[in-house]
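Here subunit A shows up in two complexes: once beside subunit B, once beside subunit C.
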Partner chain A sequence: MLASLPSALQTLANYRIHNTRASKEVVEKGKVLLDAKTASSLGDDAWAFLEQLTLAAIDVANYEVADECLRQLAAQFPESPRVDVLSGIRMEATQPPETALKFYDELLETDSSNAAIYKRRISVLIRIGKIEQAVTELSDYLDTFYTDVEGWVELAELYSSCNQYTSATRALSHALLLAPQNPFYVLQFAETAYTADDIPLAIKMFMLALDIIDRHASEESIPTGVSIRAWYGVKLCCRALSERSCSSASDTLLPKNLPLLDELSTERVLTAYSAAGKDNATGRELVLSWMGPSDRSGSRLHFVR
Partner chain B sequence: MVNYTVGQLAYLKIFFHAAKHPHLQVNGVLLGKKVSETVEIIDAVPLLHHWTSLSPMMEIGLDLARRHAESLELQLVGYYQACERLDDTALAPVGERVASKVKEGFTHAVALVIDGDKIGSPDNAALIPYLAQSPSSSWRPYSEAGTAVPFSSGSSFSLSPPDLPARAVSLVRDQQLQRKFGDFDDHLEDVTIDWLRNKAAMTFDIQE
Partner chain C sequence: MSSPAVSLYLDPQIRDWVLFPITLILVGILRHYVVLLLQSPPKKLPKAAIREQRALSRSQILRATSANSPIPPSYYRSISSRLHTAFEAGTYLKDGPPQGDAPSTPANPMTDPAAMDGMMAGMKTQMVMMVPQMVIMGWINFFFQGFVLIKLPFPLTLGFKSMLQRGIETQDMDVRWVSSLSWYFLNFFGLNGLYRLILGNDNYTSQAMMSSPFAGTNQPGQPQDYVKLFKAEKDNLAFSEGLYSWLGDDVETRLLRKYSKL
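And then the complex of A and B:
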């Protein structure tokens, strides 16, 4: 068991860095470390580890482990706002939502600068289905804590879930101001704009996402991950633009050479499939036929508004 | 009123998709055909677990799924989703849109919403069917005439074979098959992921 300790610690540290929610695994590995009482030997990392284990344990309803971690953290950091947040989350897991909300309200009364507590309140509201109130509180929160990029993205997702796509793009535009080099946010903006039926804006943002990725790309030119989604998006937009007249609520101008973009996006997506090898890329024939010459037989499914 | 049966392939795929992302909304489409007065829901194709309110990748996935269905001589016959919250069993706005689109091509289209509270119990199908009068009308949870609950005996909705929930639970719990399951979102990250068939996750004896 001791031999696997370093690798377990490494895995857990990786999860922390990447914010991975592999709760079952974290508890499996973390419990071993907790039981072996080696937590203190981790130095400063010990507390980040205990916090991670607390959250994972709550996620899989292992309250014994969660409570033990919380006990150690509270002993080490009495009256810590960060530990307060964990206590609140623990409360949310087994107490009625109103109890947690009350707990958060009391904390905010003594310290109105604890941003994390506002967000816990909003999470609870979302969880009990009070979306309108959550949107209001989140908007208010962002008025004060403007630089919370995650908050803007969460607001956008809340709006999207209620069919308010234009409001979602407005929220995302703040996220883009704060983090202009993040291709995920740009991609999310593009997909939201498409859903809001602003095709010229969508294609512009798909291209921007590709531009950002390109700047940081290595020598290979095989599209992966975000690029594939973005090229698919460009292709979808080109098709929509060639089949019907698309207005732009944001007055975005169309890109100049649509037929070229159409060809390029087709080629880029198909390259991704070819690169994977004939036997490995699944559904390649289907994609090929989907790419095929535009047919107006109505055999494709669109969300025409 | 036609009858609906949900077969093993379809049920297990829906179950694995939800089990793989327990804290997220997931959705996908149902494949099948109508055989006299019964809609047989034979297979399912999982679509998204990420940005499930946004349409572009959904549209592409739907289109590809439809072509895949045709290659199997099946049709798109419905839509399924699992909600983020346990107590939420409503059909999301995006779900209504997709289901209505499917209904345009198949009159008896059905939307199945996973009952987050009941799923995991071996004797409960944990599926709530939604039906609509027409593609432009709203979708309502189906309520049986009399006292039958959907998927219980006497209902128009049934599982075939009836012990599917127990089977699904044991496959997830004992073999972790949902870990080998991939949807269109996963496929967009890695085109070698077999989202249309998911053969890697379906490694058990398929009984007809």
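And then the complex of A and C:
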């Protein structure tokens, strides 16, 4: 068993770096380490390990291990805001949400600059379904801690869950400003705009996403992953634009060369499906039948996203 | 003394008791730990103060990409004008918007206890930098003046004489011999990399080099006048709005070109 300890430590450190949520393995490996009392030999890494183990143990409802870790952490770092957050999470696991909220309120009273506590509070509010209050508090939080990209994306998702798609795109625009290099946010923006029925904006954003994703793509390359999704988006927007007149709430101009774009997106989606091999046969059939008639005769297919 | 090149013999005790202490222990490591002892934990700011501090970064983030902005015009303009009004009205100021047309004066650091604390902390570390420096300097001046400490393994021109042989008034000595006082100064300025290696990246010794007492006076804890900063930022915002262009403006042309449809 002793021989496996270093490798276990290595794996755990790896999980920490890559932010992997493999709670079951972490608890299995971590329990051995905790029993072997090797924590003290780890030096400064020990505390990061204990934090990781606490979260994982709460994740798999192994509260004994979590409490033991918390006890050690609290002994080492009394009054640490990070340990406060952990004990808050532990409280959320077994006690009613009101208790946790009260605990967080007290913490914020003494130290109003602890961003993590605000986020925990908001997550509890979301869990108990007080979306309205969560949105208010999240907006207030983001007004101070503007650079929290995940906060903006979360706000967008909250808005979307209440069908407030225009507000959701507004929240996402801040995420775009903060992380302009991330194609997933652009794609999410595009899809939200599509759902909000702002088709001209949506098609532009789909194309912007493709601009980032397919930076190194050429005519011969086969679209994969998010790229296919974005090409589908372009295709859907083209179809919508050809079928009806679309207004744009954001006053976005229609792209030029729409027929060419339609042609290109059809071609790209079909490329993705033709090259995928035999295991994709059913998918290809469906795509072909969806693409085919509408492109040739312009028959109306209702497509629900 | 037949040849001037090998004319001096240095006592090995000098190496053990002077060269090593000056080189390693006294100059840096000791100071690092003294500073660590005297450091007070960073002061926690109330939320309103953080908001005030970070308000500028919001507009900076918006401006950073304005020439090739990822967000469409209507969105850009709404954010920009919202920030503009907020800066004008002073929404982000810690103590709320200014009342009436009272002249905005920077808070006097002597009356604001929070600013006072910051100044004290700065002065404390400065003092810690100064005191051991004075002690070591005095100690070296007193005991080791006129010492020759080591011989450099490479020849140097006469120009280095004043740099390497401070405290020794010998006209004819080879420049390769280094006096103790000079060695101290060389280490003081040149051992940054070594300290970083021994003490980790964010040690106080190498930071002290940046703001060493020789580098002139730097004002610790000068309070920022956010009213003025926000005013200046308003102009920057207007300027960036002129530069603004959306990445999506010609994205279809770019895309069609890439797949040679155009």
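Following the convention adopted for this analysis, the second predicted complex is superposed on the first by the 242 of 305 C-alpha atoms of A that agree within 3 Å, B and C clash if a C-alpha of one lies under 4 Å from a C-alpha of the other, contacts with A are read in each partner's own complex, and residues count from 1 in each chain.
FYI, a residue touches a chain if its C-beta (ideal position, glycine included) is under 8 Å from a C-beta of that chain, and two chains touch if they have at least 3 such contacts.
These numbers were taken from a predicted model, which means no experiment stands behind them.
Student: Tell me the contact category for A:96 with respect to subunit B and subunit C: first, second, both or neither.
Tutor: A:96: touches no partner chain.
Student: Is A:225 contacted by the first partner subunit B, the second partner subunit C, both or neither?
Tutor: Touch status of A:225: first partner only.
Student: Which partner does A:177 reach: the first (subunit B), the second (subunit C), both, or neither?
Tutor: second
Student: Residue by residue on subunit A, keep only those touching subunit B in one complex and subunit C in the other, then list them.
Tutor: Of subunit A, no residue contacts subunit B in one complex and subunit C in the other.
Student: Which positions of subunit B touch subunit A when the two form their complex?
Tutor: 23, 51, 53-57, 59-60, 62-64, 66-68, 71, 85, 87-88, 92-93, 97, 101, 187-197
Student: Within the complex, which stretch of subunit C touches subunit A?
Tutor: 44-47, 50-51, 54, 57-58, 61-62, 65, 69-75, 78-79, 247-248, 251-256, 258-262
Student: Once bound in the complex, which stretches of subunit A touch subunit B?
Tutor: Interface residues on subunit A, with respect to subunit B: 21, 59, 127, 129, 157, 160-163, 188, 190-192, 194-195, 202, 224-225, 228-229, 232-233, 236, 272-273, 276, 280-284, 286-287, 289-290, 300-303.
Student: Give the list of subunit A residues in touch with subunit C in this complex.
Tutor: 111-113, 143-147, 169-170, 173-174, 176-178, 180, 186, 201, 204-205, 207-208, 210-211, 214, 217-219, 250-252, 255-257, 260-261, 263-264, 267-268
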